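Pasting the structures here.
Consider the two complexes below, in which chain A is the common component and chain B and chain C are the respective partners.
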Partner chain A sequence: MKGWRPSPPLLLLLPAVIVLAAVVVLPLLLSLYSSFTPFRLTKPETLWVFIGARNYVNLLTNGDFWIAFARTVVLLTVALNLEMLIGLGLALLVEKASRGQRILRTIMMFPMMFSPILVGFQFKFMFNDNIGLVNNALQALGLTDRAIPWLIDGNLAFIAILTAEIWSSTSVFAILILAGLLAMPREPVEAARVDGCTPWQTFRYVTWPFIMPFAFIAMTIRSLDVARAYDIVKIMTDGGPAGRTELVWTLVARTAYSDARMGLANAMAYFSILLSILFTVYFYRKLAAARTQIAAEW
Partner chain B sequence: MATVSLKKLTKSYGPVAVVQGIDLEVADREFIALVGPSGCGKSTTLRMIAGLEDISDGLIEIGGRKVNDLPPRSRNISMVFQSYALYPHMTVRENLGFSLKIAGAEKEEMDRRVAEASSILGLDQLLDRRPSQLSGGQRQRVAMGRAIVRDPDVFLFDEPLSNLDAKLRTQMRTEIKKLHAKVQSTVIYVTHDQVEAMTLADRIVIMRDGFIEQVGTPDEVFRRPQTRFVAGFIGSPPMNLHEAAVDDGQLLFQSGERLPLPSQFKANVATGDKVVFGLRPDDIYPTGHGISSGEDADVHQMELPVTVTEPLGNETLVFAEFNGSDWVSRMLNPKPLKAGDRVKMSLDLSQAHLFSAETGKTLRG
Partner chain C sequence: MDQNSLHRARNRALGIAHGVGLFLAMLVICLPGIWIVLSSLRPTVEIMAKPPVWIPRELSLDAYVAMFSGIGKGGIPVLDYFRNSLIISVTSTVIAIVIGMAGGYAFARYRFRAKSAMFLGLMLTRTVPGIALSLPLFFVFARLGIIDTHFGLILVYVALNVPFTIWLIDGFFRQVPKDLAEAAQIDGCTRWQAFWQVEFPLAGPGIASAGIFAFLTSWNEFALASQLTRSINSKTLPVGLLDYTAEFTIDWRGMCALAVVMIIPALTLTFIVQKHLVGGLTSGAVKG
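The block that comes next holds the complex of A and B.
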């Protein structure tokens, strides 16, 4: 049989290409398309109604969406900064430990070993206003005599979620920064000490520039994590009370599955992914700059 | 400018003593080299002087002031590290000026001193580069510049040339010597390379296993080694050292061969003493191809079989067999020799060394 025959490399790659297309590219294109339709799960025929950018216009003029979006950004900023600070502190302490460092490192990883769903349940229990550990402790210590409505007041609920988030993921920062500290050459630090630096100055001018790239790697990973925060919030408050802890992804899930408005939900999702991409690009830039600065060879 | 004095300085890690109570007085503006094989405690000693290691026991004084518990920044020292230890995220200029910036110096003062150091070391063209853009030799110069800028009481060098290739090392050695002549400050220089120690230092401190074996000028440690270890450590190629027994005014070697007992030791040994006989390659040479030590020369002639020759151009190292092993000899104005040739050798016994086989100490009176 004569005629066109694909080259062997193409032929050999084809199975992989087909599989990827089937499980990644097609769903992606389909969901992108559906964000331009009024698709509702309960009315399958609506998938074929094309309404242009109306979903996007809707959501950009929708106050609830913007509030959820802003809340997500605030959570992202506050959580990342606090995790960064606490992680840095932990890493510096563990690095100082002359013995038992391995066991400390392992213990530090414990929170990451729990499913976020379980973390959510645990903190939901701890912050429960009647039987929770937190209120019990506060009352036992005589700091307050009333039940603080941790998961009911909007701001307090936000703090409760933040606490759970930080507890479960600070170790990402701690581990990566510790890796940086351990990889760092010892001599520049000693040179700085001889050059007249106080411990703080040594950290500020020598240690910190060295571990900055590691911190940015952690930032990148965690910014994606927090930007798609769903499970902990779902369990602890389910976006409530009355939408006061609603984040982008709890809102998307509610719109898609409870309200069955798949088209609109997809539009929200695509818009939110922009947020993640922006953060990733920003941190990658910072990472590249920091790496050039210390002339890293990796 | 300052003196440095170490008194019964000790460092131990748990039960392991690395530096075992050493005493040393370094004069103002003196260039002292600490030399010894790896693990002898020389770097640890230097790091204790710098304040980078705690002292287990003893006393360190810089300029007459006890500094045992002072942090490095309060000792007014500067240190050059083996791996340069430059700050990779700073330019050469920032590296040089860093200590002044930390000390809160005025901008003009800082610029002036950085310019001064960079002109001494020829770094003017490199001031805006980062360490990663410099060669090894240039980095080492920046590291030295960083030390000079501080105008410290004492310079500490920790094997500064070990990471450089042989040619550059020789070149930098000369530069360090010039630098010391220029800045005129006290220098403590750690190296495992005895040639560096010999060429640079006013006095050499030879250390082994946490103890000081000998302190002396390069000439003293070369000509009058106090111990067998020093004799073997200083000098290249190393001194020929062989065990022998004193027997009726002669040295009896294990193989049964004999040499006359060098006259300068006659009074200090008796028949039956176990000794180590040492003779530098310069003092054993094919007859007619060496330099006589002058009127005192006590030359013993013997014929030995050549095993290997190593021609170096201006001289040839001739390995000849005696007492069952190879003795290195230095042949000036070399003529071709080959393995198996029997050569008449001159041994200048007036230059020989004898050490006690038991204590390793010299038997010179």
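The block that comes next holds the complex of A and C.
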């Protein structure tokens, strides 16, 4: 019998599609549905009560949620930009090094191996107001004689979390941008020098366009995983004290598991999913654009 | 001062500034890790000391001994957590690599409709924040009775790792010239044989590093594991770390010791793959 035969790529992709459908897509559909119900874990029968968009309306009028949402967006924007800049600086520093590049590169990868939960813990330890390395150092240097409440004051805690976030993710940028710098042909740079470009002009108009796709790869990889900030915040402050460092993700976890209000939490979770998708799609498109540009020029 | 020596002085100043900058950057990167290792070896009294003790007076492995000596003696069941982490990470990595190899090969070697949309779609499943995904999974797994089992977590980690594995492996297969496999086929290999005997060995190191990357993701994952595990049946190390904070006082030294136990396998593996990892991620960048 000569029936329809699926094409090879389809067959090859099938396992991936099945797993992802079963573990990600279907559960997400379920959670989409339950975001339209007043579902509570303690009362399973509430899963069948349909209340329309009331959860979403609740959220849209909920000040705490919007504050957490805005805080998340600010954290991500500041963190990603700083990571990009610091990563670029680090890559340039390492590329200029004449000796020991290998060992420098290895050290640079160091933070990548740390689980976010470990990063959170180690910075919680270092920023501890009483026994933390940061306060101890500041006091030993005589810069201050009081214990700075790093993780207790809202703004300071934001800075502490930002530091942890940047420490853990800058290396992704640095490594990929460095890979770009090393893969770059020498001639255009030399030609620019000969033509009388200043170092800044050489960087801006020759080097930067070339390493841009690498920076966007880093951005895309990074934005796939923006929610890892949850792990860091969870252990550093757990959204506290009194919700002063609450991010969307910690709020979702609290609403779902502590308050057991699954329906509402699912509605919230959809905002956070949307946020992640927006970040990823944005950078992915930038990446595609940068790729075609490079392909056209080189 | 003539122009020549001025120039030389400037170059030297720049060189020194560069060295200092590099040193400071590396210090910031290394310091937290060093501090953790150091703290795990010091007695708690020294960690808590006011004014701080900078140079440790005595080093001991007490924290590690206490940690591995079981629950009764102030430790946590680290061995169980370690075993769970290992089983779950290794199994899910192997499965994710097999699935990822099939998918990556499809993206690298075939043209088909909606290819880039498909690729983006797969990547987008990875963007779903763990905590958001944990809500429906928690409910479904509870219904299926696979909460707090290795199986449940393995399933989740496979799905978590497949998209990125496909991305990486796609990149590695692209680096293998198409002509090689075609030549093998002309010489009488089937496509299947050509894959295993020509393309697979060439892409092998890359695939291995994709595997290590997947392993690290599973090893380090917290958001999902924290909700889908309950007891020593399936709790992994990252979740176990929170055991120390559950009480009113935090056992800093114990946590540091556990952190070191967690980081050592990750550290070793990353060093092995670092070279290939970057290659796989960037191979598509320039060629498109």
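Everything that follows uses one rule, which is that the second predicted complex is superposed on the first by the 268 of 298 C-alpha atoms of A that agree within 3 Å, B and C clash if a C-alpha of one lies under 4 Å from a C-alpha of the other, contacts with A are read in each partner's own complex, and residues count from 1 in each chain.
The rule we apply is simple: a residue touches a chain if its C-beta (ideal position, glycine included) is under 8 Å from a C-beta of that chain, and two chains touch if they have at least 3 such contacts.
All values reported here derive from a predicted model rather than from experimental measurement.
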| item | value |
| --- | --- |
| Chain A as common anchor, with chain B and chain C clashing or fitting | fit |
| Partner chain in contact with A:53 - chain B first, chain C second, else both or neither | neither |
| Partner chain in contact with A:188 - chain B first, chain C second, else both or neither | first |
| First, second, both or neither for A:70, with chain B first and chain C second | neither |
| Which superposed partner A:289 touches (first chain B, second chain C, both, neither) | neither |
| Greater residue coverage of chain A in the superposed arrangement, chain B or chain C | C |
| Which superposed partner A:110 touches (first chain B, second chain C, both, neither) | second |
| Which of chain B and chain C A:260 touches, first, second, both or neither | neither |
| Smallest separation in angstrom, by C-alpha atoms, between chain B and chain C in the superposition | 7 |
| Overlapping contact positions on chain A, where the chain C interface meets the chain B interface | 294-295 |
| Sites on chain B touched by chain A in the complex | 50-52, 71-73, 77-79, 81-89, 98-99, 102-103, 130-132, 146, 150 |
| Parts of chain A lying in touch with chain B, wherever the complex brings them together | 185, 187-188, 190-198, 201, 205-206, 209-210, 293-295 |
| Chain C residues touching chain A - in the complex, by the definition given at the top | 18, 21-22, 25-26, 28-33, 35-36, 39, 47-48, 50-52, 54, 98-100, 102-103, 105-107, 110, 112, 116, 118, 120, 122-133, 135-140, 155-156, 158-159, 162-164, 166, 216, 219-223, 226-227, 238, 241-242, 245, 252, 255-256, 259, 262-263, 266-267, 269-271, 274, 278-279, 281-282, 284-288 |
| Chain A residues touching chain C - in the complex, by the definition given at the top | 7-10, 12-13, 15-16, 19-20, 22-25, 27-28, 30-31, 34, 41, 90, 93-94, 96-97, 104-119, 121-123, 125-126, 130-131, 133, 136, 139-140, 167, 171, 175-176, 179-180, 183, 213-214, 217, 220-221, 223-228, 230-231, 234-235, 249, 252-253, 256-257, 262, 265-266, 269-270, 272-273, 276-277, 279-281, 284, 288, 291-292, 294-295, 298 |
